[in-house]
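Across the two complexes that follow, subunit A remains constant while its partner is subunit B and subsequently subunit C.
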Partner chain A sequence: MSLDLIRDILIATVPLLVIFPTLFAFTTWLERKALARIQNRVGPNKVGVPLTRYGGRFSLFGLGQPLADGIKMLFKENIVPRDADRLFHLLAPILALIPAMLVLCFLPLEFPWTESLLPVQAFLLDGAVIFFFAITGLNTLAIFMAGWASHNKYSLLGGMRAIAQMISYEIPLVLSAVVVVMMVGSLNAAEIANAQADWNWFVFTPWGLAAFVIFFIASLAEINRSPFDLPEAESEIIAGYFTEYSGFKFALFFLGEYIAMFAISGLAVTLFLGGGAGPGVAALPWLSTVWFIAKIFALIAVMIWLRGTLPRLRVDQLMGFAWKFLLPLSILNIIVAGFAWHAQQQASGILKAIIWVACLLILYATAKGLDQLNRPNVRPREYKYAE
Partner chain B sequence: MSLLGGGIFKGMAVTLRNFVGSYFYKDRLTTNDYSWRPSDKLPQRAGEYPKEEGEQLRDTTTVTNYSRNFPMLLHDGSEPMDTIRCVACQICERECPPQCIYIEKSTEKKENAGGKPQFFPATFDIDVSVCMSCQICVEVCPFDAIVMNSQFELSTPDRFGGLLLRRDDLLKSNGYYHKIHPEEATARDKRIAEEKAAKEAKKKAAAEAAKKMAEEKAKAEAEANEGTPDMEENTE
Partner chain C sequence: MSEQIAFWMLSAIAVLGALVAVRKRNLIHGVFALMIFFAALSGLFLLLLAEFIAAVQILVYIGAVGILLLFAIMLTERVTGDDGRRMTSRGWFWGLVVAAAVFVILLLPAIQELPPPEAAQAIDPSVKELGHKLMNPYVVTLEVLALLLTAALIGAVTAAQGVRIPKEEDSSE
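Let's turn to the complex of A and B:
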């Protein structure tokens, strides 16, 4: 390997390792602020400029909070349970972070300084989308490793829940991405993003909208975000798989979770929201990076909003939702998209509009029908002693 | 036919309203009342939050009509123990899912809100550290004696005794109930009045029926009595 290639790889990857952890710190602050406002609280607002005695006076809306939290996490004691498997207890948080970091390379995120480095850009790989799903799948292993190695019943329960949930939701996640891959005819992330130039975003087509909704819901479950945060349900199993983690190992898990959030949002942006497309990109190419990250943050804002709104699902509801609702709907969506694509090849103008409306109606009617089929049989509570 | 997932959008609208509202209406930020409070201004017992003269802390009347925290016992008049509605039937104690209610029945009867001599709770404790605010005790109570309070300033440095609400802490007047949950209290009072009226009407009807029956019986007996002499003759 030549020195030039190593230099190129460093220039292409190091910014990812710097930008996204920085954004992670900002996102934790954003999330705490937004959740607080939703609950009519103020949120972190006391920590200001770090390491100065005037920090409190110039509090900058509490923007120093992530840094203070980071320093605190670094210096906290690392507690490992006596019966824990020490090796795997150590490896689990690292393994949770690595795949999340790795898949960032598969996002068609072009930085101005990497323009000349096309040969080392991972998103130009012909199977980038497949690689993305393959590598995020490793996250399940890390979580179960954490649950198993901790030698704690709550950790194990959390790990088991995580496996059941992540494997179930991976299927609708991949099947909804299949629609876009079919339409573009490529697994190359850059080609998928380019196919959506000039506002031809897939989210504006009926099948694309359905796929986007399924993808977004499944990705919430895949990264253990509320309302699918059963593996770490505080009220049920303490903290789930990271019950026995403290200090920096916990921080690594936390970082991995947020980086996974960026990665999966980035994939959603690539597949459905036009990648880096947006006004002004033609004139100023570096704007595409800004648009890409702005779109990621728009999705993350919705995730935070949903976290402030929805209560946690029950385990049976969670599994039922994946297998009885999302899976049939995403399979139907593939069929609908296939027919619609073929019909569109021959048709144009008014016929195209009719096909779109028909697709929308079929998909909505199916979703509604599945919803009706899966309605639980709820009876009023029966009292034993009162009449 | 409702929109699929419409409930989620409704919920999101509520949270959005709170999010935006908190930037425009300072009185929404309730927790600001409690930040940086000196230690001598901390509560000693649940529900006893010391307030300074003229201090505008929120009380239970300023929260929404539909908020609920922990149960309270109702009494109708000015003297709580003379007009308590609870008759210590212990249905709520048995029905309570987390088993946080403890009742001891009195040994002798005493006149209560209904005007009849009834048992009353000698002890009625609710451990609010255990209570899960499910309102099942309210639903099962046949005497409308227990309803939900919306008092929320319950923090206390004593986690055992301070969080165990005694009977006298729990007793609140019906007027207070009307103040915190006006609609619910009015509906409840209306229902109680209707039930009472229906009961009285039924009683009246039953009394009339009994009277009528007695008259008929007397008539029949009289008729029978008229016939008996003949029978006696026949037997002879």
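Let's turn to the complex of A and C:
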């Protein structure tokens, strides 16, 4: 292995390891502020310029809060339950972070300084998208490991919930991405992003829009965001799988969760929102990075908004929604997309518009119909072990 | 050179993972060791530039099979086992003989027959080629497999539902 290759690999990967944790710190502040606004509070507003005597005086909207949180987490006591499996208890938070960090490499984020590199970026891999899904799935294992190793009833319940939820929602997640892969004819993330140049974003097509909505909902479930945060439902099972975690291990879980949030939003941007495309990119290539991250933050803003407004689902609703609504809709979406693509090959002009409207109507009617079909089943829960 | 190092490291991890998976009394530890083995195997595929197989190895074996194993284990009693007891079995001698025979008779000639490995070349778009192969010559096989899996799924659902006992009309009162 030549030194050039090692240098290029470092140039390609180190920025990811610096930029995203920084963005994580910023996002925690953003989320706390936004949630506070939704709940008619102020949010963190005291910690200002850290490590100086002017900390309180120039509070800068509490922007120093993430740093204070980090220092607090570092100095907290690390408590391990007596009956816990010590090795797995230690490994779980690390294992939760690694896959989330790893999949960042598969996002087609072209930094300005990577122009002259050897082709070492992972998003140039032939199967980048499938790799992304494979590695995100490993997150489940970390959560189960944490739940099992803690030797706590609530932790284990949270871990089992996480597995059941992630297995169910991974299917609509992958099936909705299949539509885009089918249209582009490639699993290469860079090619998918390039195919959407000139505002040909997939979200602007009927099947793309349906796939995007399914993908977004399923990704919320995949990363345990509200309203799908059942594995860590604090009103039911304390904190779920990280009940027995404190100090820096807890911080690692937190970091892993947010990095996974960035990663899955990044994939949504790549698949449906045109990757780094946007106005001004042709003139200034470095703007594509800015656009990419801006789009990620747009999706994260929606996630924060949903967290502030939607109540948590029940377990039976969660499963029903995945298997009876999202799965049939995403399978139909693949069929519709296939037919529409072939019909568009011959058609032009007005016929194309008719196909579009027809697709939109079919998908909308199906969604409505599935909703109606599932509705009679929604009734008060029957309790087995309680009255 | 670096491929050599990676190969030996991954092989060592795979062998160790497999050994731990077999020897551990604690089932959960065993499953996670098995997953380490699968991950190392995926790395070996990646070294051979078979990206798709590597990704599918993780997706299917760790993501699906491993988690199913965990589910099954959670339904059994005495998950942790007792680590104190040694794993012994009576047939170990003949097992060793059979393993050695397989190595000498099957694997050794195969290794010796092969020409020395060349530096692997990137096969152009391997995933695309694989997809075309699956859709053109092997489409019938694929569909038969899909049918088989669907049948298995329906069978599993029917088995899980069990026999419906018709409700008795207020027999208790």
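The rule is short, and it goes like this: the second predicted complex is superposed on the first by the 374 of 387 C-alpha atoms of A that agree within 3 Å, B and C clash if a C-alpha of one lies under 4 Å from a C-alpha of the other, contacts with A are read in each partner's own complex, and residues count from 1 in each chain.
Quick note on the criterion: contacts are C-beta pairs under 8 Å (C-beta built on N, C-alpha and C of every residue); 3 or more make two chains touch, one makes a residue touch a chain.
Just so it is clear, the structure is predicted and the values come from calculations on it, not from any experiment.
Visitor: For A:Leu306, decide between first (touching subunit B), second (touching subunit C), both and neither.
Guide: Only subunit B is touched by A:Leu306; subunit C is not.
Visitor: So in the superposed three-chain picture, is A:Tyr364 touching just subunit B, just subunit C, both, or none of them (first/second/both/neither)?
Guide: First partner only.
Visitor: Based on the superposed arrangement, let me know which partner A:Trp199 touches: subunit B (first), subunit C (second), both, or neither?
Guide: After superposition on chain A, A:Trp199 lies in contact with neither partner.
Visitor: Let me test your reading of the model: by the given contact rule, A:Lys384 touches which partner, first (subunit B), second (subunit C), both or neither?
Guide: first
Visitor: One more residue to check, A:Arg41. First (subunit B), second (subunit C), both or neither?
Guide: A:Arg41: touches subunit B, not subunit C.
Visitor: In the superposed arrangement, does A:Ile135 touch subunit B (first), subunit C (second), both or neither?
Guide: second
Visitor: Per the contact definition in the header, classify A:Phe26: touching subunit B only (first), subunit C only (second), both, or neither.
Guide: Neither partner.
Visitor: Going by the contact rule set out at the top, does A:Trp286 touch subunit B (first), subunit C (second), both, or neither?
Guide: neither
Visitor: By the touch definition above, which subunit A residues appear in both interfaces, subunit B in one complex and subunit C in the other?
Guide: No residue of subunit A touches both subunit B and subunit C.
Visitor: Help me check something: in the complex, which residues belonging to subunit C touch subunit A?
Guide: Within the complex, subunit C touches subunit A at residues 1-2, 28-29, 32, 35, 51-52, 54-56, 58-59, 62-63, 66-67, 70-71, 74, 125-128.
Visitor: Mind pulling up the subunit A residues that touch subunit C in the complex?
Guide: Per the touch definition, subunit A meets subunit C at residues 1, 85, 88, 125-127, 130-131, 133-135, 137-138, 140-141, 144-145, 148, 160, 163, 167, 170, 185-187.
Visitor: Can you list the subunit A residues touching subunit B in their complex?
Guide: Those in contact with subunit B are residues 34, 37-42, 305-306, 308-310, 364, 367-368, 371, 381, 383-387.
Visitor: Subunit A touches which residues of subunit B in the complex?
Guide: Within the complex, subunit B contacts subunit A at residues 1, 4, 8, 11-12, 14-16, 18-19, 21-23, 28-32, 91, 94-95, 136, 139-140, 142.
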